[in-house]
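Next up, some structures in structure tokens.
Presented sequentially are two complexes of chain A, the first with chain B as partner and the second with chain C.
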Partner chain A sequence: MDISKLVCLAAATAISVVGTVQVSVADTSDKKIALSNNYAGNSWRQAMLKSWTKNGEAAVADGVVAAADAFTTAENQVTEQAAQIQNLILQGYDAIVINAASPDALNGAVKEACDAGITVVSFDGIVTEPCAWRIAVDFKQMGKEEVIYLAKHLPDGGNLLEIRGLAGVFVDDEISAGIHEGVAENPQFKIVGSVHGDWAQDVSQKAVAGILPSLPEIAAVVTQGGDGYGAAQAFKAAGRPTPLIIMGNRQDELKWWKEQKDANGYETMSVSIAPGVSTLAFWVAQQILDGAKVPKDLTVPFLRVDQGDLEEKLAGTEVGGVANVEYSLDDAKQVIMGK
Partner chain B sequence: MNSAKPGLKHIMSAPWIWAYLAAFVVWLATVLFTGGQGSIQILSAALSFATFSVIVGIGQMYVITLGPGNVDLSIPATMTFAGAVSMKIMDTQDAMIVPGLLIAIGCGAAVGIFNYGLIRALRIPPIIATLSSSFLVQSAAIAYGRGIKIKPPPILADFTTWRIFDIPVLAICVIALAAVMSVVLHRTVFGRSVTAIGQNQRAAALAGIPVDFIRFATYVQSAVFAGLCGYLLSGFSGGASLNMGAEYLLASIAVVVIGGTSVAGGHSNVPGLWGAALFMFLLVTMLNTYGLTAGYRLILTGLIIVTVITLAGGRKQE
Partner chain C sequence: MEGLLNPRLMRNLLPAFSLTILLILIFYIQPRTMSYLGLNLLLNLALPIAFATLAQMCVMTVNDLDLGIGSFVGFVACVGATFLRDTPAIGILILLGCVGVYAGLGALIHQRNLPSIVVTLGMSFVWLGLALLVLPTPGGKAPDWARAIMTWKTPMVPFTIYASIFVALAVHFLLMRSAYGVVLRGAGGNPRSVERAGWSLLRIKMAMYALAGFFGILSGIALIGLTTSADANIALRYTLLSIAGAILGGGEFVGGRISPIGAVIGATTLTLAGSFLSFLRISPDWQIGAQGGILIIVLALRVLINRMEAK
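Up next is the complex of A and B:
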């Protein structure tokens, strides 16, 4: 291949790339995207909705899409969300982004949407219906990473207290399975107690306060997010030494960690999913509408805070909120390409 | 009530004794399992957390005593709303503790007035009225707080978690509150009117009791206690969160029923609330200590609660 041909090819590629970008804006500017959300009653979900609205309004103002509306069901019921999805089909949305109340119970409604030619993208609470896209979190790996961190920081091992989430929910089973797998690989650790904290600070505090008196010395607490500060409160109230508590990115957890770090050099890590994952789902839906080839199963990265970047992350987190990242179109493209 | 006959037999016939007995058995089963370790600390934790169930339980008990169909399902939403509003207004300043308390109580009173407005003016059954108002109240809490958790003033946090020799001070305050509310129930015109309405509303009306006003006051009282509980719980657990009231819907009803108050209304008792609240906490602690998985824990919780209610109810009918 000679130089002139190469230049021609490069020019052609450049034109086609520019062309695609222009077309992509034109292609989806009349498309309407809806968010079907099953629950709004905690700070994580509030932040998720906020990120969606902020990102969606900007996208509408820029002419990328015609609408990016959010709908939340009141009662966190499968039947209610199924009815909501049917309404969204009738209202003529081109894509529905779902945070689902159940992985399989909404499949009927999702199939109806697909049959009506609507793009369905599920995230966080994903659906198993094959016609929908899934932006999943590797919760099992998240649980395992906690134990890997502990193995590095507590080489002698010790007793662990596990705080689980809401009993019967898929996410809780996955994170817990990851933690148990990690412990099986690191036999210097032993889980001596396990309670359900429902991902809520006050419930965790109550459950930990109840079981703590009957437990031997605890080296570390493995958690699922939203429960670390409650656990710290319970240890303090019981007058026991504070163990290494894994945190879950809530501002009160990070702030408590910072206070301990300043006072006595306390070390831990914090991991969770950013509520801004809703914006990633938005851009993925936009890309699918735009005609991009997107694999059906995508994975979102965790948002992890370590000793080094604690101050920076804490400063960027709203008081009383959750550490967050909002994803851009470019981030979505990276995730689609599997990077 | 046969109050003239003292002694063990009389005590055993009291409907509330079963809740305490159950709490004691569950505590013993936990302590035996751990070999005596932490026996006092478990009781201390039980007292701390039972406090909050008892506060909302008192309000719920008065409402349930009004007779069939009377129940307040807006308690969790009211707790969240009062907690969120008072924490935000206090904004961690110690000087604002008293105004914050008044605001929390005011929030409760407003919800109570609204609840009874729905029940009376629109003639909506209490279950539906309080459930639907709880949606409005919860939404108001979300709109007001936007899911943001605000820390309590330091002195409030210290007070709600204050212990003297392992005994939570807040629990002592609420034991005193329960004693006062027991006197109100049995010795005042208001308390006796509530019981009379529960036994026979028509007879009570014919006897000249202002039924409407008493029912109104009872619903407002329940919401006020929920507001107070939301305020104190926010102080205790480091801030008001949107789902903080969630477990108190079932808890408020369970402590009333397990405590020996008649679900059909007209017969209530305050001491049982404490026994039942301690029992509920110790039961979860016992099952956690035994290390059972969530499925077995839920099954056993259900079975044990049914057993205790059956025993307590069975005694009463004799």
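Up next is the complex of A and C:
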């Protein structure tokens, strides 16, 4: 039987079986789960690690699992993470949850883990090795949703400035593809400039400041998260009117949005992935260890902040952090069932 | 007793000593590593680093530094996962061309008297750009033979260990024991007298750079043999690792002072240092610093030995 059939079968059985499976928590009490993370250098990743630790400590205290340790590589490097995964195999973990540096280049190490009988669950940065589970984010849809919001909000259309992420990373390609697809469906919009902001406010500010003088009037800025505040600063410094800038759930972005909203009724939306997705991956791994049938490909919902719930979300986000939700065992079951 | 305290001998033994200590500590903390599978998982990623370190060492032999080796290995990996698999003839031609480019770099640096750091740093961007052209998004597939070699189940101990020992010895005999090897190293130690003796420094530089390119290719292919597919950014870290490995293994930045066996051991030590820290369950925030700490300790020991020698 080939893999795709297997996946389909697993998916089909999962949908029919999960509802009736009685989850006995005690079954995984002697299991150890490790997080292999490739990068910790921005607010999103820090929040992701914090969510993992908080959730993992609670799970260990409750006796759900024996260990939930987090490991991060020093630099965002494939080779280092491959070595890290191999080390985790040697340390005898029962499941490894991965946020991968590359979708393909870790496959050798992931295969070795599977061959050693270890459950591998990848999330956010997923891996393509068929033996692993994937909790993917529909980044393309995320990019498209930005344009859909713009189409509703700026019916007359206009010029768009696109801020992209880190070149060569597939997340950047996906979000950008979604944005371009959205623009193709809404021809009243035109992307007149595109810069790489590397998902960092300072880089974005510099990049936007550099391209602004050459651009016509900008109606809106489409972003990937972690770049909205920097873009706003660049527009302000250039003395140009502030366009509608899509935000990416970072605290500094939400705070700036709130200030603008209070001052002049500024409207926008903010969308990103909740860093708490690591906790979702944890519970999915726990469910697999527990014997639940889980389809190999799962999708996480985005976390979207709109004009109405801005204050509430901002209040719940710590300074320098990212708007977050942490997932519970029940949330994980919902996702597994495809709801 | 005097023989043991001989600084020169101690300096040569230091890399092996650090490796042994690390291995013993790892075996103690994580007895699971003492198996065939354990050793394999622990050491297999050291092989591409060892090749990259040897490449770096070749360039160091002639008093230069290659800041582009990481991107070069990444480029080779991308070519390996695309052309080398789909159209082997073109793939081999590209890789041969790379060796040629490396030899050309050596010629350029020598003829124009350019700082190697500037030229190779510039080349690192060229390699990265080319790699992105060949493979814009991560993917591709390693040739089956590369995968077969890297996952070859050799008797007794894993393939990596045989390969490391073989390569270390081969390069040792080439550079440390052969007559031409002495000349090559002499070009780093005292270029003027080598030139006066009638040897072409240009040819020596070209030869060493070409050799570096050759080892860079071996590194890239060994790497995709392990990872199964490539990524343009796959080996960026190798630039610094290879320099650290060559120095850790007893090499020096100037003077043609190198040690091929030491370089392979140094690369292995660096790989093991990462595993060691991970087994210790040091918090991720501290791991980065601790890895640097291990490097500092070993290099400090070296400085101590050098001081003893100076007395």
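The criterion applied here is as follows: the second predicted complex is superposed on the first by the 316 of 339 C-alpha atoms of A that agree within 3 Å, B and C clash if a C-alpha of one lies under 4 Å from a C-alpha of the other, contacts with A are read in each partner's own complex, and residues count from 1 in each chain.
Everything below uses one rule, namely that a residue touches a chain if its C-beta (ideal position, glycine included) is under 8 Å from a C-beta of that chain, and two chains touch if they have at least 3 such contacts.
A quick note: this is a predicted structure, and the numbers were derived from the prediction, not measured.
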Go through the superposed model and pick first if A:Pro295 touches only chain B, second if only chain C, both, or neither. neither
Quiz item: What is the contact status of A:Val319 with respect to chain B (first) and chain C (second): first, second, both, or neither?
Solution: first
Practice problem: Using the touch definition from the top, say if A:Asp69 reaches chain B (first), chain C (second), both or neither. | Solution: second
Now for A:Ala105: first (chain B), second (chain C), both, or neither, which partner does it touch? second
Q: Check whether A:Gly168 is in contact with chain B, with chain C, with both or with neither, and answer first, second, both or neither.
A: both
- request: Identify the partner contact of A:Thr79: answer first if only chain B is touched, second if only chain C is, both if each is, neither if none is.
  value: second
* Given the touch rule stated above, what does A:Pro130 touch, chain B (first), chain C (second), both, or neither? -> neither
Of the two partner chains, chain B (first) and chain C (second), which one does A:Ala40 touch, if any: first, second, both, or neither?
-> both
Tell me the contact category for A:Asn87 with respect to chain B and chain C: first, second, both or neither.
second
In chain A, both chain B and chain C touch residues 40, 74, 167-168
In the complex, the residues of chain C that touch chain A are 30, 32-33, 37-38, 41-42, 44-45, 48-49, 132, 136-140, 223, 226-238, 271, 274-275, 278-279, 281, 284-285, 287-288, 291
In their shared complex, chain A is touched by residues of chain B numbered 30, 33-34, 37-42, 45-46, 48-49, 135, 138, 142, 146-151, 161, 163, 233, 236-239, 241-244, 246-247, 281-282, 284-285, 288-289, 291, 294-295, 297-298
In the complex, the residues of chain A that touch chain C are 37, 40, 49, 69-72, 74-75, 77-80, 82-84, 86-92, 101-109, 111-112, 116, 167-168, 170, 173
Within the complex, chain B is touched by chain A residues 40-43, 45-47, 50, 74, 164, 167-168, 193-196, 198, 200-203, 205-207, 209-215, 229-230, 233, 237-238, 250-252, 318-321
